[in-house]
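Okay, so chain A shows up in both of these, paired with chain B first and chain C after.
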Partner chain A sequence: MRAKEYIKHRKKIFSSQAFFILSVLIPIICYYSVFKWYPFIYAIILSFYKYTLRSKHFIGLTNFAEAFTEDSIFLISLKNTVYYVAMIVPTEIILGLIFALMINRLQKRKSADVFRTIYFLPVITCLVACCITWRWLYQPLFGLFNIILGSIGLPRLKWLMSTKTALLSIAVMRIWKDLGIVIVLLLAGLQGIPRTFHESSMIDGANRWQTLIYITIPLLVPTIIFVIIIEVINTFQAFSEILIMTSGLAGSATTAGGPLNSTITVVLHIYMRAFNYFRMGYASGLSMILFIIIIIFTIVQLRISRIKWKY
Partner chain B sequence: MLKRWIIVLTLILSFGLTTLAMASPVSLVLWTWHEPQLKLIGKMIPTYIAENPNVKIEAMTIAGGEYWRKVMLAFAGENPPDLLKVMQDNFRLWIPEVTPFPNDMFPRTQMRKDVFACDTFFYEHHGSEYAGRMYAMPNGLMGGAMFYNLDMMADAGFTEADYPKSWEDLRILGKKLTKFDSKGNMEIAGFGFNGRWTAMFVDFIYQMGSYLLNEDGTKSNFRTPEALKIVNFLYDLTFKDKVTSPLFPSYSELFQAEKTPMTYCWTWFGGFIEAMAGEKLKWGVSTIPTPSGKYLPAIGRVSNELGWAVPKNIASAKKREAFKFMKWLMYNNDYQVANAKMLGVVPSMLIAWKDPQIVSDPLIQVLAKTATYGVFPGEMGEGLWLAVGHLEERAYAGVSAKENIEAVATELDESLAKTPASLCIERLYKPHLVELK
Partner chain C sequence: MIVPFIWMISTSFKLPGEVISFPPHLIPQKPTLEHYIRVFTELSFARYYFNSLYIATIITLVCLFTSSLGGYVFAKFKFWGQGVLFIMILSTIMMPSSVQMVPLYLIMKKFHWLNTHYALIFTSLISTFGFFLMRQYMYNIPNELRESALIDGCSEFGVFWKIIFPLVKPALAALTIFVFMQSWDMFIWPLIVLDTKTLYTLPVGLATFSMQWWTNYALVMTGATVSVIPVLVVFLFMQRQFIEGIVLSGLKA
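Up next is the complex of A and B:
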């Protein structure tokens, strides 16, 4: 009798739990199905087609072959994207770590909150507004940066209008914009390190530098790898800042990704193929290539993070 | 008995529903990318609806850059608007998606009488594929012009008599109007044409009696002494004569900020300045300078601006109403005059030509003077604009004039190899194609 009641009770609990779980999951599953998985699967299918909104026919791997053999701009965009990631991610990690360590030293003082807020402000500011503001800061004649350079006797730079400095200039803006989130993540990692490690190292006679190199950074490695993965994925998908900061420069002469394709990134190239030339199949093929590149990077980084660090 | 009742009830229901459907107004959705035009249409709609209470029209703008993306996706999704603004430049994109004008409502003989250069722009010159049918509403003829800030010109001691007629005049006046500060930094660009290299290059190609493409539209025609001479002239203006600085913002910003007294643009710029700067900025206008100061062999490129077209994939009742609305606009003098003044065009509809507002409009008169010397190239494809668009970028990046024009030619050749400009009709140009009176 008792066993029967117990089973009934369990069933009741299970059905109410199942109902709750389903009611919570169904909207998320619907959202992901419609806006993520379906477009993703459809993009994979489209990448094997020549699809121009009006006609669609199967062409096998031609889109992938075209990307590497005929589309010179794709290769330039790939190179630019790798440079962009290489400029941004290490700089953000190094600067983020320095600022996180400084804020961490402030412990629970009020100034820690003030600095955290100041560094986090760009993260919550609208990207479009930031890009437009920075575009004006970079204006060669009237921009603040050149006014400062001029006032201290240094030569003016062309910033976004030069093929040599345009990508770097955008990277600086992006570092400024994302630094806050890197600081916050690293700070969380730092605060998760038990104080006992630092205290025992002090007792053993380690100075601050040695504590940082042999205690803090090794214990922070999992957080650093997490931040690197997130930032690499985000930076590989750079699009909005390039589009906004490079369209119509030099008096509307410069097309997005200019001057002379020096700032074109893979996602911007995909966007232009899809929505300027309406080559949806080819753009889907390029998206798949980008997806594979990001997956490879992520797997490598995850492999590194699985290494069991021994201290 | 029951059967009879069912038949009677069905008949009553169908009659009732048909009557209801006929009584409910036909809703039309109109898209444009041009905000001032939307305002003008917004003013016209109530008058039209008062005359046609069975119609409802909702007009909306979609920002310039997004417009064609949205239109193409709407065509693909088979949910286009009922009226959409179209343009000559991408004729190939929209023409297979729209309905030809019905001959009963727009008889060709009547159109010939009422529309400026009707055959040239609508029936003959777009290749055999589309000949014989009209696909979009005539709007007006637009071309390039020189714009002047009258106060800045007067301060520098120049009047209308000094407006440049030849390239040499332009160079000299540009140099005289340029001002530098004590450190040698440019303060005022005598001729601020940043961002206008593409349009100027195209105009100058026609001024030299040359063409942009070869005869069948499969290759560029830029490996010529004429093209190199033009590029050298643009380089000289910027780097030798220093009438502007590559570091300056666009011609439009320069003109509005009173950082240049003289610029070049297409004639839509007049309405744009008035909308942006109002009466504060007094401006004048003149024709584009040519190498010799004369209009022959040509003054530059002109375009026949189009109004709206009616998509194929809409209900036939809506199509009919959409065409009726367009016909009403075409023959409404108030609309034609306001539209011509706002867009800076010679109106396509001849009814507007004698209107005192058109006759006294300096910008339209400048355009009318030279319109018959303008080359209408038809559709040249986006590849041309992208390739020629890089001319200015390369110049600012330090590429030599010779290398620059070679790179533009190569880029355009690659684009034309994939998509030939089969609808380009620049070589059909003859000066005095039609007489403007």
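Up next is the complex of A and C:
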């Protein structure tokens, strides 16, 4: 009798457990199917089609061929994006490392809080507001930067208006904005290094510089690689800041992409092809190329990080 | 580091003539609130604020709920297909948003959700990252709690609601900040989906407004300041939680 009750009770628990699990999983699976997995598959399929407002038909690999042969803007955008990432990520890592090391020395003092506010403020502010403010700072005639340059006697630059400096200007803003996150992540990595390493190196008579180069940084390499991966993937998909900082007046997006397309990035190009020209199939193809690039990069990075860094 | 912000706020209080005066002054000599008044009355910033606020709130609440439920089920139960499902959810992190932009737009078109707030809310209802965070956190909750509650006659939902949920508050706090900030900051997707000005969220409204009124620099800076102040204030009061949230998100991702 006892056993029967026990089995009944267990069955009851089991089925209510099953009910619970299903009632959580089924909505989740439905949601992901509709809003995540299906769009992805749809994107892959779309990239083989010519899909505009008027016509939709299968054209195989023509989109991809066009991207690399006829579409000069795409290649320019690829080049720009690579330059953009190359300008931003190393600078962020180096500067971030310097600041993180400096702040780490402050430990729990009040000044650490103040610094934290300062470097983290740009991170949490709306990207749009930051872009607008920086665009105003970069204004050739009245912007603060040129006024300062002029008053010291240095030549005024054309910042966002010149093909040579436009991308750099946007990169500087991006570095300013993202440095906080890099510092925070590097700090977390720094604080994860056991103190025993530093103590034993001090006992062995190493000075601070040697400790830094031979102990701290090698131990920090996994964190650094992690930060690099995140920042590269994020910066590679830069869109908003380019659009806002190089759009023309009256909201027209026609000048977006900087003077002579010098700042156009891949995602911006995809956006314009998809929503200005309504070439959905082609835009999908471009986004697939972007996706493959990101995947390759991530795999390469992960392979590199697999090299044993144990001590 | 904070010079741009100082300049932004300073410019927002200047009269148009003073904005382009030389040499520039940090503290405006004739400060004015006319831009602030204008931004809220004529230029419907209040509307943008309201839109962003309620959309971000809905998204955050739903995400908290779904992430913790999902994380709980994956952390504490074993079921058929668990591994496969997990990998499929994991794979969504690798899908860049630019890939999903175009198909999602076409799907929204089919649902007739274009130019509505549904398109904004429904595409962000579950945060994959939040799901991972919650799952990670719930691994550390001892199973005995759940088992003893069940023996005491609690239903499965009751276990979740009364016991597990209160225990994950720290992770929830970090997740709230993260998801709220992310949905507040959304720019590309609302830009693609929304056409009617009254429906705009704050970033989109701010961007189009600044393009339109670009030559009135002080006005534009006022718009920017107004967008930034709330987050700033919240941040100043909740610094620690903010940064913990970002670090958690960075480390767990």
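In this text, the second predicted complex is superposed on the first by the 269 of 311 C-alpha atoms of A that agree within 3 Å, B and C clash if a C-alpha of one lies under 4 Å from a C-alpha of the other, contacts with A are read in each partner's own complex, and residues count from 1 in each chain.
Everything below uses one rule, namely that a residue touches a chain if its C-beta (ideal position, glycine included) is under 8 Å from a C-beta of that chain, and two chains touch if they have at least 3 such contacts.
Quick caveat: nothing in here was measured; it's all calculated off a predicted structure.
In the superposed model, A:73 makes contact with neither chain B nor chain C. In the superposition on chain A, contact is made by A:121 with chain C only, not with chain B.
In the overlay built on the shared chain, the residue A:53 is in contact with chain B alone; chain C does not reach it.
In the superposed pair of complexes, A:275 makes contact with chain B and with chain C alike. Comparing chain B with chain C, the partner in contact with more residues of chain A is C. Looking at the shared chain after the overlay, A:212 reaches neither chain B nor chain C.
Once the two complexes are overlaid on the shared chain, A:37 sits against chain C while remaining clear of chain B.
By the document's definition of touching, neither partner reaches A:95: not chain B, not chain C.
Once the two complexes are overlaid on the shared chain, A:106 sits clear of chain B and of chain C alike. Once chain A of one complex is fitted onto chain A of the other, the partner contacts of A:158 are limited to chain B, with no touch recorded for chain C. Annotation: chain A residues 139, 141, 248, 250-252, 275 touch chain B in one complex and chain C in the other.
Interface residues of chain B, counted against chain A in their complex, comprise 69, 72-73, 75-76, 96, 185-186, 194-198, 245-254, 382, 386, 389-390, 392-394, 396-397.
Residues of chain A touching chain C in their complex: 13, 16-17, 19-21, 24-25, 27-29, 31-32, 34-40, 42-43, 46, 113, 116-130, 132-134, 136-137, 139, 141-142, 144, 147, 151, 176, 181, 184-185, 188, 230, 233, 237, 239-240, 243-244, 247-252, 266-267, 270-271, 274-275, 280, 283-284, 287-288, 290-291, 294-295, 298.
Those residues of chain A that touch chain B in the shared complex are 53-54, 139-141, 156, 158, 161-163, 248, 250-255, 258-260, 275-278.
Here chain C touches chain A in the complex through residues 1-2, 4-5, 7-8, 11, 19-20, 22-24, 66, 69-70, 72-73, 77, 79, 85, 88-89, 92, 94-107, 122-123, 125-126, 150, 155-157, 160, 181, 184-185, 187-188, 192, 202-204, 206-208, 210-212, 214-215, 217, 220-221, 223-225, 227-228, 231-232, 235-236, 239, 242-243, 246-247, 250-251, 253, going by the rule given at the top.
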